[in-house]
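Dropping the structure in here first, questions after.
Each chain carries a letter (A, B and C) given by its place in the written order, and its residues are counted from 1.
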Amino acid sequence: MSTAISIRDARLHFGHTRALDGVSLDVQARDCFGLVGESGSGKTTLMRVILGLERLQSGSIALFDTPLGRSIRQRARLVQAIFQDPAASLSPRRRIGQLLDEVGEVMGETREETRTRQRSMFQRLGLPFGTLDKYPYQISGGQARRVAVARALLMRPRILIADEPTAGLDVSVQGDLLNLLQELRGDNDLTLVVVSHNLAVVRLIADSAAVMHRGKIVEHGLATQVFDAPSASYTQRLIASWPRLRRIAV
Amino acid sequence: MSGAAITGLNIDFATKAGVHHAVRNVSLAAGSGRILGLVGESGSGKSTVALALMGLLAANARVTSGTLQLGIDRFDLAQPRATAALRGRRMAMVFQDPFSSLNPVFSIRAHLNEVLSRRSPDVTGNARSQTAVDALAAVGIDRPEVRLTQYPHELSGGMRQRVAIAMALLARPDLLIADEPTTALDATVEAQVMKEIRGLRDRIGCSILLITHSLGLVAEYCDDVAVMYAGELVEQGSVKNVAANPGHPYTRALLACEVTIDAPRDADARQSRFKMIPGDLPDPFNPPSGCIYRTRCDIAIEDCARIVPPPVEVGSERDHRARCIRVGSR
Amino acid sequence: MDAYLALLRGIWRSPTGRIGLVLVIAVLLFAVFGPVFSVDPNKLAIKDRFQAPSLSHLLGTDNLGRDLFSRTAQGTRAALIISLLVVAMSLLVGAIVGITAGMAGGWVDRAIIVVFDIVNSYPAVILAMGLVALYGTGFGNLLIVVTILFIPQFGRMARAQTLSLRHQPFIDAERILGLPVRNLIWRHFLPNVLGPLIVLASMNIPVVITIEAGLSFLGLGVQPPQASLGSLIKDGYTFLNQSWWPTVGSAVTLALATLGSTLFGEALRDAADPKLKGHGR
């Protein structure tokens, strides 16, 4: 079992704020890893650093035992992400088809190959082919979400990061995306990282998890242990404040 | 204080595509000294109801009918500026975005003074300052004397909400409307702010209308619950009764979809599956005949398309009503 | 393509936009075809001076007997050429400098802003007068001078757009694809930065027209015997006692050109707005 992501003593300051204050963790390949924390905890920064959108000031990150340099291109084949606001993650002045063709460009495929893969991906995700000709503002939020997933998967990454997948979603529809993520794990040889403040969802979907607070990891381990038997007092407080449904006598 | 009741509220929006009947015949009762959770998802119309009560609807919205009963007084909500005189006095509001309640160019003291001068104009000087300090302390704000001199941007989101609650405390309203007050806050802060809101209820015995999309929040902090779907009220009752015995299929489905922190979990996370409600919200300009929920309902029958369901008592629980002709069936 | 058509439709929908579009087209036609259908604008015919409009001289003649229709058309042509060139050049330079400031940050950014502020702090016409006094009149100099006046506006907007776009999710999404930087800039960054700049450009055209007219009125702009709306107004004004036709023709044309392009520019801005935000619905 190899290590998909290996982070050692990551540090990053933004002025006075210590966004990452000596973070070390390992994500096992083919695991679903939950990275939870409140706002300002550093989980989003850590995600951005893994994706190459921010640079560490000290410490190291290795993906599948390959230490990463500055090159994002190297990373792009290993890790992709679906962002919190999927509609905003699609370039507004280009058609969906053009955006997805860029994947083929980056992977050095012919137009034919890309088009074929696009169509089968759309079919799998339940997106009508006509979406390829539309602009991002012409499709619904749910479709934009699926387009973002399609784009990420077309890159054939080994690691997929989902940034707050349930944020802004009604409870009655979030199941759709969550079940899709579960399906993706099953089919592909994929390592999934879910960055979220939604403890209840992460608890169900993750194999292992880490809790961040003020740039540090305060707890990590198997999900069952982190959420059901937390040792850190911060984690305990966090879980205790989560509203419970079944307090009422049934 | 003897509670707030809304009867027969109807709100229309004029849009380019036609008239959207955003809220249809909604009647709610928030008992005195009780918190009513108005829960619904996107498109349910719950925020529209709150905005209508405060008179803050957009320009293209119109209340076509509806009354608000506050204690023994009745207000016709279809009249423009119907509730203007109540704002800040008998009705107070806490918004989702804490900056909406607080003016960034005024100090916290100025905010509290504004409420105090309206509510108790005869209290001035030191007595007024002390009242302000006490109000801040009462909502759990540390070093209240220092906070009075600060400005909204110097406070965290959670603290700003507490100031808004303190302002409500000072106004001693009959009705507090809290529109998604904790949605923008972290879980730990949310718990603290909700505690303060509950404290408000205990301290001054007002009615509280809590608008939220989170059933968990309602279950944890509210006394009564009203469920809205696509502009209509589908179920109402005490939290205890509704959670234990949901009468409406939507409420039941919503409860099933809600992911709780203590949900049963398979040892292998890959086995976790999440429930959802298939289908989409009805077209706002072309709603289905009969029951508004029937296109997504798992127990819909032919009659559901013919009959607009009236409220039906659920179980033998008084005040627990659901608008479904098949209450009791699964 | 359909995005542009949608913009035109949006402009047509607004009543003032419609007026603006009609005026702009009318002025354009006048400037392009006017000189073709008239006599030599520089032909002197002193004995025919100060004539009222007639069939041979649609707008009458000026103090030297020159046909006013053709002179006004020529002046309009000059005004439009100058305004389009100035706006295009200041947009280009402003965009480059502004984007650089936004991307580089730090002292480079601060230095650029200071330069912008210095240029902006001078009243436009005074600065123009000063530069012309230093470097002399002439078409080329005029263009450079007026362009300098407008660079800071475009620069600031380009910088603001750059700062806000840098952290947009879609830029992040394109970056993590591993797209080469030049493609990122050319396909995703520039179009979104330039959009608002083009709207600003259309709103600046009437301003440039007015400044050019003002400078020419003062004798610092387009030099005689070349006609300019501003110099026509000045000549007319000098001989106002003898004939008010010269003034009227050029003044009305100047007013219509300015009004038309202003209304058009505003309608364009309003039509482009929702698209700019990316949420066309």
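In this text, contacts are C-beta pairs under 8 Å (C-beta built on N, C-alpha and C of every residue); 3 or more make two chains touch, one makes a residue touch a chain.
All values reported here derive from a predicted model rather than from experimental measurement.
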- Task: Considering only which chains touch which, label the overall pattern as line, ring, star, complete or other.
- Result: line
- Longest centre-to-centre distance from chain A, chain (CA-based): C
- Message: Based only on mean CA positions, could you tell me how far chain A sits from chain C in angstrom?
- Response: 48
- Query: For chain A and chain B, what's the span in angstrom between their mean Cα positions?
  - Reply: 32
- Item | Whole-Å gap between the CA centroids of chain B and chain C | 53
- Query: Which residue numbers or ranges of chain A touch two or more of the other chains?
  - Reply: none
- Message: Touching residues of chain C toward chain A in the complex: what are they?
- Response: 3, 168-170, 172-179, 183, 187-188, 191-192, 195, 275, 278-281
- Item | chain B-touching residues of chain A, taken from the complex the two chains share | 32, 38-39, 170-176, 178-179, 182, 185-186, 197-201, 203-207, 223-224, 227, 237-250
- For the chain A and chain C complex, residues of the former touching the latter: 48, 51-53, 72-77, 79-81, 83-85, 87-94, 102-103, 105-106, 135-138, 148, 151, 155
- Task: Within their complex, state which residues of chain B touch chain A.
- Result: 41-42, 186-188, 190-191, 213-217, 219-221, 239-240, 243-244, 253-255, 257-263, 265, 267, 269-270, 272-277
